[in-house]
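Here's the structure, in structure tokens; my notes come after.
The first chain written gets the first letter, and so on, giving A, B and C; residue counts start at 1 in each chain.
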Amino acid sequence: MLEMQGITAGYDGVPALRDVSIAVGRGELVGLLGANNAGKSTLINVISGTVPIMSGRLILDGEDISNVGAQRRVELGLVQVPEGRLVFPQMTVRENLLLGGYNRKARPARPANMDHVVSLFPRLGERLGQLAGTLSGGEQQMVAIGRGLMAGARVLMLDEPSLGLSPLFVQFIFEIIDKLHAEGMTILLVEQNLSLTVRHADRCYVLERGVVAVEGPSATVADDPRTRAAYLGM
Amino acid sequence: MRPDFWPALRSPIPWVLLALAATMPFLLPNYYLHILTITLVYAALASSWNIVGGIAGQISLAHSLFVGAGAMLASALLVKLGINMWLGMIVAAAFSAAMGAAISFIDYRFRLGHLSFALITMAFAEMAEIYVTNTEFLGGASGLFLPKDQGNLLAFQFGGINGVYWIMLAMAALCVLVNFAILSSPLGYNLRSIRDNENAAQAIGVGLLRNKTWAMTISAVLTSIVGTIYARYLAFVDPYLLVSPVLTIEIVLFATVGGLGSALGPAVGAFLLAPLGEILRGHFGGFLPGFHYFVYGLVVVGVILMMPAGVWPSLREKFARRPAA
Amino acid sequence: MDELLQALVQGFFVGSAYGLLALGMGLVYGVSGIVNFAHGDFVSLGMYLCFALFTAFALDPYVSVVITAPVMIALGAVVYRFLIKPIAGRQLLMVIQLTLGVALLIQNGLMMAFGGQPTRAPSMIESKLFLVGDVVIRGAHLVACIVSFALAILLYVMLQSTDIGRAIRAVQQEPRAAALMGVDVGRVQVMTFAIGVGILAIAAALLLPGLPIQPTQGLRFTVITLLVFVLGGMTNFVAIMLGGVVIGVAEAIGTIYMTHTLGQLLPYLIFVAIMLFRPQGLVWRS
């Protein structure tokens, strides 16, 4: 469904990714692993269109979208749930969700998507009128994921969803990810947490200093000694 | 002082240039000497402003207050109370220093990064204009006439345009020199670190209040002294010229066009724009008032969009890239 | 006592228009982080546009707004897109000098077009007076007050409950996330600046009746706007309107009760006092 073909990309002419090729099939849950600064966030920002591609191609449903603008990519269903959640603090939960459905394609589906989000996160349903900035970290993560779903995600890209959450919430968030996966959502999951990711993802890629070091089914990646090496930066 | 400061002073080039500039009264007709004198006034003002606005990155819009203090206060002390203008100059400079420090303190209370300084100083500039134009002692709205310049140096009289020209040349040189000195001193490092990132500067122990106050005070004192000399030259001190926020805007824009934060840039900006403005005003002022300011506006917008670092740093970079060319 | 009441009422009415001036500034500041130092000159421009339309077609300023507001909105969009945006990303501070340059352009463009003499654009309503008890209310002030508050409320509702309003607030609060949700941040910035300038066209018409205008007046409007804007804590709508009223009332009371100088200085003195003792503005946000 989504494919990166030999992509080199980075800020100000300095490549943070070099010749990276990955593929995410329809309905797949793909994990993207790696240590800090391995280029994981850059990779999904390339897909979101906020980091320019220097060379290589980005393909969605067989079409080259390398030159498509960031706004249009959201309309195409490439939706990122950013690291650190970045909810709109002075807006209510409902407003955050409504803004998620801001793009032209998602607007008509807002009522249905809202019902879906509330059914996934009943806790948000109880707090629709509350300012997002006053929520706990875990609840904010729910808002961020809900906002992404409201945008009409066909490929949901989650950047470090477990970061800074209590173990209980981490478990809950991963249950939600599994549930979305079971519903048929295509998910690209960026995580530092190796053991948790390989347990949930179908396949994984491990990035090391901007290149793909290991790839394959989760179980194989977990056992590959190069994975450990990539994490330790050896 | 950075070790390259004193050797730089031993370089002959600036001294030769200064000596050349000093011969101008013998070469130029009075009209051009007048333009050159005005240019030196603006070069000195822009250079003094650069200490706080360029090096420290605090856009002060209150400098008309300091020019006004130097001009109006020293003049009023002389005209109304008969106080020697040298003394008046010192009193005005002290007053300006106090105002500069007070503004720094208020800015420190109300911290909103670089913007707050511009906001607060603009309010002060407006207050100064209202106060001066309403205060009879300072000449009110109609201004003050200074006694005729009879060349009595002890009475702050420089004997007409030649004398004022030399004094302004020395003053402009001093302002540029102070810029050089600050740029190569610990104060300069502190101010530049504040300009680049206040929080980071604070984190490495650079005191915001102390350093900004120093910058503002030094700048205010120099500006005030230039104001006194300018008043003596004009002989008629007009509050709508000398305490007007428009004067500050001119100073800020000259410095910006020349190159903020560099020691010579603001003076270069003044040398580019002030003569242009004077000549345009001479030609068009009669039937198209405002034209020279309009041209300033165009130049400023153009320079900011095309070379935001300013003319002087951009030129220097160009020549540095092609050495020996 | 009657005098005081008179001052309060008049200050309140004029102050509400000041609040409107500052709302435009607050909106732009919140979204783009810039303060437009040509703000007052845009007000000036709006007034002179009304004046030109009056001289050419004998249009009442209140009617002219139908023409001047769209013109100013378009102008605002052009100024932001082609002058401010290219440098706002790189050097936020330079926007101060840039807008000061724009201020010189507007002010002296007006000077060249209309001359420096004070002039006026009369309105049908300017001589209308109402008597409520012993308080004289000028029709123009009443209109200014009603329209200002109506616009403020309209703007507030727009921000709270329309998609575009939510997009504006989203860009204010978390521009990166807004972009990731498909909001065109650049367009929102251009749009808010254009709206901010468009509001000034309306404020100009509201302040115009009875007021002599001069090309050099822009700076004064800029400064008044800055006072209100800072008093209002820069982005809080309610506090900005309150700040406008405080400055308006201070002005009115100053002119009546104090010496001429002190009266004129009173708004600034209040500003300095508040900066010293309540640097966060008039209203807290927890």
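As a convention for this text, a residue touches a chain if its C-beta (ideal position, glycine included) is under 8 Å from a C-beta of that chain, and two chains touch if they have at least 3 such contacts.
What you are looking at is a predicted structure, and each value in this text was computed from that prediction instead of being measured.
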(request) Moving only to chains each one touches, count the minimum steps from chain A until you reach chain B. (result) 2
(request) Grab the C-alpha centre of each chain and report whichever is closest to the global C-alpha centre. (result) C
(message) Quick check for the class: compute each chain's Cα centroid; which one is farthest from the centroid of chain A?
(response) B
(message) Between A-C and B-C, which chain pair is linked by the larger number of C-beta contacts?
(response) B-C
(message) Taking the mean of the CA coordinates per chain, how far is chain A from chain B in Å?
(response) 54
(request) Starting from the mean Cα coordinates of chain A and chain C, work out the distance between those two points in Å. (result) 43
(request) Quick one: report the Å distance separating chain B from chain C, using the average Cα coordinate of each chain. (result) 31
(message) If a residue has to touch 2 or more other chains to count, which residues of chain A qualify?
(response) none
(request) Quick one: which bits of chain B touch chain C in the complex? Just the residue numbers, please. (result) 57, 59, 106, 109-112, 114-115, 118-120, 122-123, 126-127, 130-131, 134-135, 245-246, 249, 252-253, 256, 288-291, 293-294, 296-298, 300-301, 304-305, 308
(message) Taking the touch rule as given, give the residues of chain C at its contact with chain B in the complex, in rising order.
(response) 35, 37, 83, 86-87, 90-94, 96-98, 100-105, 107-112, 115-116, 215-216, 219-220, 222-223, 226-227, 229-230, 234, 260-261, 264-265, 268, 271-272, 275-276, 279
(request) Please name which positions on chain C make contact with chain A in the complex. (result) 163, 166-167, 169-170, 172-174, 176-184
(message) Give the list of chain A residues in touch with chain C in this complex.
(response) 48, 50, 70-71, 74-75, 79-80, 82, 86-91, 95, 98-100, 102-103, 106-107, 147, 151
